[in-house]
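Common to both upcoming complexes is chain A, partnered first by chain B, then by chain C.
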Partner chain A sequence: MHEVLPLNAEHSTRWILIGLALGLLLAIFLVRSFGSGQAIEVHAKMPEQGGWTPSDLAATAGQPLHLRLTSDDVLHGFAIGQSDQPPVDVEPGKMTELTLNFDQPGKYTYYCTRWCGPNHWRMRGTIEVQPDLNKPGAAASQSSQPEAEPLFIQMGVDIDGQPHTDRIPPDRPNARRGQALDTSLPEKYLAEEYYRTHSPVEVWESLRNEAFTQSYSDQQVWDLVAWIWRQGTSPAKLADGQMLFAQNCAACHGEMGAGDGVMAEAVAAEYASSGHGPAGPIDFTDPHRNLATSPVIQQGKIIRGGMGTGMPYWGPIFTEEQIWALVDYLWTFQFEY
Partner chain B sequence: MNRVELTRVPLIKTALRSRWPQLILRVIALAGFLLAILAGISGTPVGSRNFGIVFVWIGWWALLMLVAVPLFGRGWCSVCPIPMPGEWLQQGALLKPQGRGLGLGKRWPNKLRNIWLQNGAFVLVALFSTVILTSPLTSALVLTAFLVIAIAASLVFERRAFCRYLCPVGGFIGLYSQVAPVELRVIDTSVCASHTEKTCYAGSAEGYGCPWQVFPPGLVKNTYCGTCMECLRTCPHDNLAINLRPFGTDLNNPTGRKMDEAFKAFIMLGSAVVYSAVMLGPWGFLKSAAYHIGSVQWLVYAAGFLTFLFLLLPGLFYAAVALGQTLGGKKAKPTGKAASRSRLFGTHRQAFTGFAYSLVPLGLAAWIAFSVSFVFANISYLWPVLSDPMGWGWNLLGTASLSWTPYLTQAVPTLQALILLGGLLWASRTSLRIADQQPAQPTAITRPLLQALPIIAFCAAVTFGLLGLLIA
Partner chain C sequence: MKMLPSSLMNKHWKWGIFILLALTILLLPLPAQSAQASEKYIQIQASSYEYNPGVVRVKPGERVTLELTSTDVTHGIYIDGYNLEVIAEPGQTQTLSFVADQTGTFRLRCSVTCGALHPFMTGKLQVGTNALLWKSIAIAALGIAVVIWTVRT
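Coming up: the complex of A and B.
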């Protein structure tokens, strides 16, 4: 009996060692395969390294979608376009659990909300939400609300022109001075569609020819233009627009709209050779270009993006109101309100 | 002899002779090692959240450099899991010898019976270390390579060829283990002389012949004794002891000083300086060059690194040695120009190798001071990683959400300054002792202080350079 003991010890040790190695492997394999339960693990990497993985998610309307978000490099953020879902941070090496609920079927875009690199804006993915076929009337609800086409498409505006004017105001147009003139402006100038579809220089020319402006200086007519623009928006919209601009646009266009954001040089360098459009982000403080641009062109640019210029397309990210708020805010770089 | 024989304490002796405590520690280490590899391969690629990076390069490194090497010498080698799988195959057993193992059992080539390969292996790892230390996958591949090479070495060669001649870590542990206050030595060599079986080297039913290819009765330094405790198990006369001794005892022993070990000292000291400059210095371009492996900048960095380790540092040191010899030694009688030159060179070469051992305490102090800078700052990464080794959102021990907190930030610079200055003092003392031991020629009037002075100046220059890099 006593002779057998050492051999047993040897054998047990061997089995412990083999068990340890295989057990570790098996445990990790099992957790890897089944550990996250129903949740889908989404990995975030800088766009140059692959962006979101997986980038196409599927869900069913009315049923929760569980996500486990993690970053494989730097800090990213996760938000869903055109939704009220507050953005969450996606931190390296940490899991952020998130449960989403979609009421309506459709294609949603999710995107990174942290400036993770020069191609940050490319970091997007889609969530295809199918109607819940077990629910009566679900399929019908999908097509019940056809979305209205954006204004720039309805109007067939060419948003790729190079607008330019040399008729620029001697002084920065000021809405309060325009208001102080106490002119009763004809109704047409105050209609939303009117000012959204005309450039300031067109409105100025039209006003200049009106009988009631004959006693005004050119600058005073410009002040009236600013007053018209101011009446088309509200402090609340401007505040929304300012926030959206700071979060999404300032990195390239600069905090003061001068096209000199921290990413501007990198973007200009990347797209200089593409032959498309201007080299570098638009300078919103330049009156020659901007006074010849109508709000609807800006809406189109924001929705569709710059086609090879590095300007992202924001259509699937912002709601229509958000885009108009942003457009309204852009005019504060030309007009003083 | 001011030694305290620890193995006189029955509990210590039993614990060391028994295979179980060692085996338990090795199994725990092996589990950690395997988990580090698995985490590196399948866990998060974020280094600061991956067990493979945090556990190995912060946790293990802290344990090794701040505790194991300075206090226990090759203590880590006695529980290292890397040779385990290969040795199991080679010996056919995990415990006592039984049956036959696999393997060709070849002798290690004579020409490679030195630590030049270890020097090369360390430099190779060091050149790529910025990525090895931060990318979990690369780190895991390197650890796996260690394991595979160790297994291959066990199958082709006899005993622990990997540990003795290849392991890049084992090389410097050996060098610095000379400083440690513990040693394994034979109690009475006359007992060995009459013991014809030499079971400590040949092995017996109780244990294996020295896996480190060391003949225990000949041990005078810790450098190549892996403290695996096999000789404690195989000696039928109970003639081996673990002694407590003064720090740095081996450095005073002039026997067995060799060029490969001298260069190990330069490589270690030089890489502590380069690491401090790259990782803690203010130069962005240097950091960027070290990280962009394969780029032109990296090639320049690599060339600079190698030049610094193999030419600049040894060159300056050689100049210091030569100056010391001129100042404090007596020149050999000239018998023709060529003869004198070769003789002079010969003397300097010997002195160069000898004095290089004064860089052992200096290098160890440099590595401890360098390690202190990032260990206390980053050890708190360990707590979340223990709960979530793969970075998959686990919380095994409830520590997953503990955030990074640097410890002792106020005390670290003072601590580093004390360590570096202590290292300088110790190196100076060692160089004076070595100067005393330089073989005097019959007519020579040697002045040890003058011989050692340039060496001390060299050590002081390195120390102040490091003080600038680490503390300023």
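Coming up: the complex of A and C.
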């Protein structure tokens, strides 16, 4: 019995060693094929501390991009502009794994979705998606869809003016009252390009000179203007716009659009300290300014931003439909729908 | 049966009263508060790193709605004991409704990593009067009275 034991021990040791060696090979194989070896680790920091690191990512169309996201300070969020990818939270002490698939080559902007500090909106990065050259026709698909320029550039409107009017409606223009007038409005006024490129005051003045409004009061003509604006949108668009406004705009422009958001004072102070005059977030409830503003100017402001006023540029973040939905929603601060 | 000396008997009797008083303080319920369901609406402003107001006082059984507004970065409230959470982004005021069915004092803490002093961003939810505090005060007062009485006799 005593002589057998060492032999048994030698046997089992051998098997254990063989098992370990095989296990190691298997582990290496598993990590290489399914592990996070391919993943890019992206660290999020407050914009003052450097924002995203690395901020410029590269990917290839049709091939997955693996990201491992973590935060080095506070809660951040990750989303890609102009995409349906739902935003994910990026928390300190936690790795958020994310796999992205890009069908189309191009330059994408990713951005922080959680208010992480006063300069939260500056926290952006880019993903350069190259066409997959192994695929026939991939390079061609890139140039096949030239993007149309936004309306404000096509029209060449000046979006930096200070629109102002003293022609103020006696009462808040009401689309339902305008609808109840049961006027057959000429087609011209209902065309999308017409109402989007004219301010309410211009539309009002034009309507006032029409023969069919001669029996109407000034207020009734204003109600018609609201009715024209209402016909240009839909409840679904307004709901989209409301959601976008709450998530992205209300912190400065106020939850009720009065330019009195929780960040408004800080934004105004920063602008004043940079040598400009006093200016803060626009008050969308102010009729003097807004009734003299056309939707296309608002589109331009949202896409391009305020150029130093603290208003971010949303061009790479929102789709064109989202921007128009947002513009439509802004008019609910002037008109009763 | 032998009678105890009257002085000793007197002493025991007094100790009995003290013990009785102490038990009364410990076991007697505080004046009951109106149990009818009422509503309480409280606005809380969260900023780095405090809540304003920092202490929320409600009555037991009340239907409480907390309206959380953040003034700088994303903050949240987690109510210990109740295990409820609400998160507010600046510009998006959020509400949290619950029935205050547990009495006592509960810690409110920020549930979103909001900055360097985030762990110290706390508040308090007080449901009903702080029975423990008042009972402790009463017991302490009784204790002082006993000490004074013992020293004088």
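Simple rule for what comes next: the second predicted complex is superposed on the first by the 297 of 337 C-alpha atoms of A that agree within 3 Å, B and C clash if a C-alpha of one lies under 4 Å from a C-alpha of the other, contacts with A are read in each partner's own complex, and residues count from 1 in each chain.
Heads up, the rule we're going with is that a residue touches a chain if its C-beta (ideal position, glycine included) is under 8 Å from a C-beta of that chain, and two chains touch if they have at least 3 such contacts.
Since this is a predicted model, take the numbers as computed values, not measurements.
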Item to complete: State whether A:Asp73 touches chain B only (first), chain C only (second), both chains, or neither.
Response: both
Discussion item. I'd like to know which partner A:Leu330 touches here: chain B for first, chain C for second, both or neither.
Written reply: neither
Practice prompt. Report for A:Pro92: first if it touches chain B alone, second if chain C alone, otherwise both or neither.
Written response: both
Worksheet item: So, does A:Ala9 touch the first partner chain B, the second partner chain C, both, or neither?
Response: first
Item to complete: Could you say whether A:Cys249 touches chain B, chain C, both of them, or neither, answering first, second, both or neither?
Response: second
Discussion item. Quick check on the superposed pair: does A:Val31 touch chain B, chain C, both, or neither? Answer first, second, both or neither.
Written reply: first
Fill in: Touched partner set for A:Ala264, first chain B, second chain C, both or neither
neither
Item to complete: Residue by residue on chain A, keep only those touching chain B in one complex and chain C in the other, then list them.
Response: 71, 73, 92
Discussion item. Looking at the complex, which residues from chain A come into contact with chain C?
Written reply: 71, 73-75, 91-92, 114-118, 120, 246-247, 249-255, 261-263
Practice prompt. Under the touch definition given earlier, write down the residues of chain A that touch chain B in their complex.
Written response: 6-7, 9-10, 13-14, 16-17, 20-21, 24-25, 28, 31-32, 35-36, 68, 70-73, 92-95, 97
Worksheet item: How about chain C: which of its residues touch chain A in the complex?
Response: 69-74, 89-93, 112-116, 118
Discussion item. Quick check: in the complex, which residue numbers of chain B touch chain A?
Written reply: 23, 27, 30-31, 34-35, 38, 42, 44-46, 48-50, 84, 88, 93-96, 98, 390-394
